[in-house]
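Chains here go by letter, A, B, C and D, matching the order in which they are written, and residues are numbered from 1 within each.
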Amino acid sequence: MKKILIANRGEIAVRVIRACRDMGIGTVAVYSECDRAALHVRLADEAWPVGPSAPRESYLCIDKIIDVAKQSGADAVHPGYGFLAENEDFAAACRDAGLIFIGPSPEAITLMGSKTAARQAAIKAGVSVVPGTDEPLSDQTSDADVLAVAERIGYPLMLKAVAGGGGKGMRMVAAPADLPGALRAARSEALSAFGDGAVYLERRIMAPRHIEIQLLGDHHGTVLPFVERECSIQRRHQKVVEESPSLAVSTDLRRRMTSAAAAVARGVGYTNAGTIEFLLDADGSFYFLEMNTRLQVEHPITEMVTGVDLVQWQIRIARGEKLTLDAESLLTPKAHAIECRIYAEDPENGFMPSPGRIQGLRVPQGPGVRDDSGAYEGGEVPIFYDPMISKLITWGDDRDHALQRMRRALAEYEVRGIRTTIPFFKWILDDEDFKAGRFDTSFIDRKLGGNGSQLQAIEPAHEDLAALAAAVHVFTRPARRTSDATPPPSRWKDAGRAEALR
Amino acid sequence: MTYEIAVGDRIRTVSVVRKGAVLHVTLDGQTHVVDARRVSESAMSLLVQNGKGEAPVQSIDAAFAARPTAGDFDVYLAGRSLAVQVRQAGTFGRQKKDGAGAHGSGPQRVLAPMPGKIVRVLVKAGDTVKARQGLVVVEAMKMENELRAARDGRVREVQVGEGQSVDAGAVLLVVE
Amino acid sequence: MKKILIANRGEIAVRVIRACRDMGIGTVAVYSECDRAALHVRLADEAWPVGPSAPRESYLCIDKIIDVAKQSGADAVHPGYGFLAENEDFAAACRDAGLIFIGPSPEAITLMGSKTAARQAAIKAGVSVVPGTDEPLSDQTSDADVLAVAERIGYPLMLKAVAGGGGKGMRMVAAPADLPGALRAARSEALSAFGDGAVYLERRIMAPRHIEIQLLGDHHGTVLPFVERECSIQRRHQKVVEESPSLAVSTDLRRRMTSAAAAVARGVGYTNAGTIEFLLDADGSFYFLEMNTRLQVEHPITEMVTGVDLVQWQIRIARGEKLTLDAESLLTPKAHAIECRIYAEDPENGFMPSPGRIQGLRVPQGPGVRDDSGAYEGGEVPIFYDPMISKLITWGDDRDHALQRMRRALAEYEVRGIRTTIPFFKWILDDEDFKAGRFDTSFIDRKLGGNGSQLQAIEPAHEDLAALAAAVHVFTRPARRTSDATPPPSRWKDAGRAEALR
Amino acid sequence: MTYEIAVGDRIRTVSVVRKGAVLHVTLDGQTHVVDARRVSESAMSLLVQNGKGEAPVQSIDAAFAARPTAGDFDVYLAGRSLAVQVRQAGTFGRQKKDGAGAHGSGPQRVLAPMPGKIVRVLVKAGDTVKARQGLVVVEAMKMENELRAARDGRVREVQVGEGQSVDAGAVLLVVE
């Protein structure tokens, strides 16, 4: 493998480029119009345009990307996550074009990509699943029929897009009355996000934890599971904080969950990197939720606790190497790691997206800190894509050490010019229940009570300091308008938000 | 120099005077000696006199991001970010009178926070709405974002329909 | 321990502040006039002035620093390295003032601080030392007497300052004729650096490796050694690249060197962090060289291969905790780590110091990279202190992985406005002998042949790219003079250098 | 626009012409299509046409640091740093004639690279010196730094003595 095309953008494209660098492999970036000056373009060896900013016209255009791969002489393609990462047509198109797709086979993507088929695979492997519909409910299915199915499963239940992922097209339904509305919302979201409005129903497990198992499978029949990731801290069904290992998982439970996960993967002849998500019930029983047939956003915490570079192994597996890792050590955490997903969202205004120009950037440094970012000072966060700009990871001897380092790193982290979720994470890390590990997937929604108002509880002392600092800033500022005293045009959108949500 | 500075729910009066190498900053009647150094166009290192001691030794690393309105900043302090509005003394008072400005109470024009698509309009002209009630849902950055009412009121007019694409700053509806 | 005063500056002060943050301990920085806006001042909770820029008038003023510690209510002092770190009077002054000195006892510093007394301690512990003078040669000793002693030891030999460290006051002497000159130089350097012109002589071991053993000792009689550090890559007897483990050290040799090191430390009742340096002969025999009674610049590579935070343990030991680390795991590297010391020196102009304002800074990020830095964009590198501005550390599964990541990190690293040794490290990492691990302490001097000319061997292709980029920069640059198109005053000193060395 | 650009031992002639959205950069007679974006005042992202292909896809992340002389830069490319001098076409030619400038050959004035102390003077007026021979030792930043002769010559005058403190740029001696 001499040259890899990265069919993605932002921080994950940068992450993959770095892995290629570490292996002496050339890199080809692709970019949409608004990404011409993005970090992944700047760091790659080559960068090719693939069209307008809207994903459908660029990063989701299979033909354009295959075409660039051929023209550039790339011999492999890494899809990152999101965009085409779980698109079986793309994986097949790569194969047909004689390109190595760095991920599972199109067949595996198809199989596990269908939530309902995946449930079948789990059941076949002897792993229990959350009770629910085994057949998809197409968007033609009448409300009445859906209500009938719902009756059998029982309320409260979860309404999920068959093609879903990342919480899109997902709704909790407490009672029959809420079903039609939720159904409409889920279908429209699923349709726009995945081009498929089909949904299915699942019983809602009360107060579950979201625990997932990272897997690597090579082309020689070996599948290895890794120590679990704790991903219960979610907002709108989107993970925002992940850690490894989980306080809720004993060594024995770890054995059972990892072998269950490996069994499912082996059952479908899975290769490359994948993750099996479980719901862990309060009583210690766990249910197969879904399989992500790609690298996960939270892969770095697994890397920090096991010392394994997962992206590098994706590449090694794709070029036919045998998995030579020691199975035992992959289940033995060498540290405790935590990740915070830094989003360009304003936690004090209902997590409204906050695109725009990054006027200033200070990235945390020092021991036990890793920042996988796609941002740079002066760079733009476009409105067209997922608002995650960086993944901040810290690790230490134990959970407390990792959390302390995260607090330190968050205090050093400055992203100026746009609003980010950094203050939100400070707040989570100081929460008594979080510190004690008392949480489930409903943690954030319960704490926030639907809106971010609690976050605004900042001590008056800090307001005084802010007032003092601002006064000194204005008083001592050089007379001439400085570059960042003049707001860049893109900032005006904040005016709208500020007013709308005042 | 004296400023009125709005941060959080309170407006503070802050005056700054240069005294040789340091500044004397008076906030709510209490004066702090401040040794200030600019480390970049938009960041300062402050050594602030903390209550007890006389020497300015409390180290405050403050950074600033300009907001669209002149005098408005995000102030960054140890991982916190606070929205601050700095005005000439008396400004806010005047603003209050003519009912505009950050703490005014005039009609609320709900603007599109960014270019996007109107997914749902949840109210119609004439509806009475409560504070934080959802008004319209805009899709952008792959997420559906609900714009809420800032306070109780009545919808005067709705200027957009579902499925319509809007630019940043476009007026969506007006609540009075 | 509630509040720690850091009696240092720059990157190590920042490193200690971060460790304190990770433990929830308050921090007090001290600063000289030119350091008012230094990073350690910005990141600390409190910052107190201690005088003019010259070290003797500020960072070396024991009274001022003790006074600040008392006024600020600090209950402990961390000396970092350099300045007062190995000054027994300072350690004693702290004790007398009721402050906990985070380091060994004044007695241990005195004993091991004297190179000749340390040699005695090693011999007593049954560890062989390099043949040489057992008594110091004061600066009163006549050249004739020194020559006589030299005859007994034999040439080539090393001339070293008794109070020395960091290669200062050290000279290699090939023949009697060179002795008087070398003696004069070594004494003057030693006098200005340590205020003590006494020297001693040691036989020169040909082509040795410099291998050192990190130790931690608690106040309950436990002394634990760590896997070795390979520090043979030196310039002017200053380490510039360190790695761990060493290719030259087998598991068996590691056992013998670590137990020898621990024996010496136990013999003198050593506490807190310390390092014993050995010369490793080509034939596998090793000689005690000296003990550093402080934290080492290269401590991070040990942290990355063992997962132990050494600074945090210094603090824990100082507050009386027992060493609860697993002795076995400290001798078992979990990764391979390498460190490059980034100096504000111009490798293409005989490593001339290059102080001044940092116009632009891009710090490498991503997996397996750690940057312990005291620099920031817009910050000044003063002329008064050691020119090291940052320590860049990378680690990976094996040596090759760590080196690849270091190449990647160096390629991402930009320090603009001053000259740094970053290009020098790229050159070292691409050297065939270095890659193969074929080197000893003479590696750099041999390769450079006394001057940096080899470094200028840059492919014409890069010169073309540089010319192209510069042309485009000038062509597209906004008309108005931009902040960094106008050179800050401090840059003028480079004009002198450029001309002097043209 | 045409420039003379000195980098390494060679002076290159480079011309830049804007052609719509891209630039045509001609270097040593070969023309490259370049898509250039400024990412900061002192950094650019360049996509350069690489020999074979027609499309400009080779990604060059270039940053610049101004040197004291206008038109002089350090150019940063993937961890390398190259000193570059950009001049109007013809400049270097003229400089050569009057024997000044980067590639001139006039007398060498040895200046103090930074404030420091003269530790040793290794030559005296009238001495003949070889290229790279040590002339004077200055102590600064805790290190002794030897200033060397740029080329063979004769010491015309020595203007400092041992132990003397000097400021940055002070003339220490002159070699002709």
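Here, contacts are C-beta pairs under 8 Å (C-beta built on N, C-alpha and C of every residue); 3 or more make two chains touch, one makes a residue touch a chain.
Since this is a predicted model, take the numbers as computed values, not measurements.
Peer 1: Averaging each chain's C-alpha atoms to get its centre, pick out the one most distant from chain C.
Peer 2: Relative to chain C, the chain with the farthest C-alpha centre is B.
Peer 1: Is the number of contacting C-beta pairs greater for B-C or for C-D?
Peer 2: C-D
Peer 1: Counting only Cα atoms for the centres, state how far chain A is from chain C in Å.
Peer 2: Centre-to-centre distance between chain A and chain C: 40 Å.
Peer 1: Let me have the rounded angstrom distance from the C-alpha centre of chain B over to the C-alpha centre of chain C, please.
Peer 2: So the centroids are 47 Å from each other.
Peer 1: Round to the nearest whole Å and give the separation of the Cα centres of chain A and chain B.
Peer 2: 31
Peer 1: Multi-chain contacts in chain D: which residues touch at least two other chains?
Peer 2: Each of 40 in chain D touches at least two other chains.
Peer 1: Which chain A residues sit where two or more other chains touch them?
Peer 2: 43, 362, 376, 411-412 - these are the residues of chain A that touch more than one other chain.
Peer 1: Taking the complex as given, what residues does chain C use to touch chain A?
Peer 2: Listed in rising order, the residues are 14-15, 18-19, 21-24, 43, 300, 303, 307-309, 334-335, 362-363, 365-373, 376, 396-397, 401, 404-405, 407-408, 411-412.
Peer 1: Considering the complex alone, what residue numbers of chain B touch chain C?
Peer 2: Interface residues on chain B, with respect to chain C: 35, 37, 39-40, 45, 47, 53, 55, 57-59, 61.
Peer 1: Chain B touches which residues of chain C in the complex?
Peer 2: Against chain B, chain C makes touches at 29, 36-37, 41-48, 71-72, 376-379.
Peer 1: Okay, in this complex, where on chain D does chain C touch?
Peer 2: Residues of chain D touching chain C: 1, 3, 5, 7-8, 10, 12, 14-16, 23, 25, 27-28, 32, 34, 36, 38, 40-44, 46, 48, 60, 62-69, 71, 73-82, 84, 86, 102, 108-116, 119, 132, 139-148, 150, 168-170, 172.
Peer 1: Touching chain D in the complex: which residues of chain C?
Peer 2: Within the complex, chain C touches chain D at residues 168, 188-189, 192-193, 236, 344, 350, 352-353, 355, 359-360, 362, 383-387, 410-414, 416-417, 419-420, 422-423, 426, 451, 456, 458, 460, 462-476, 478, 482-487, 491-502.
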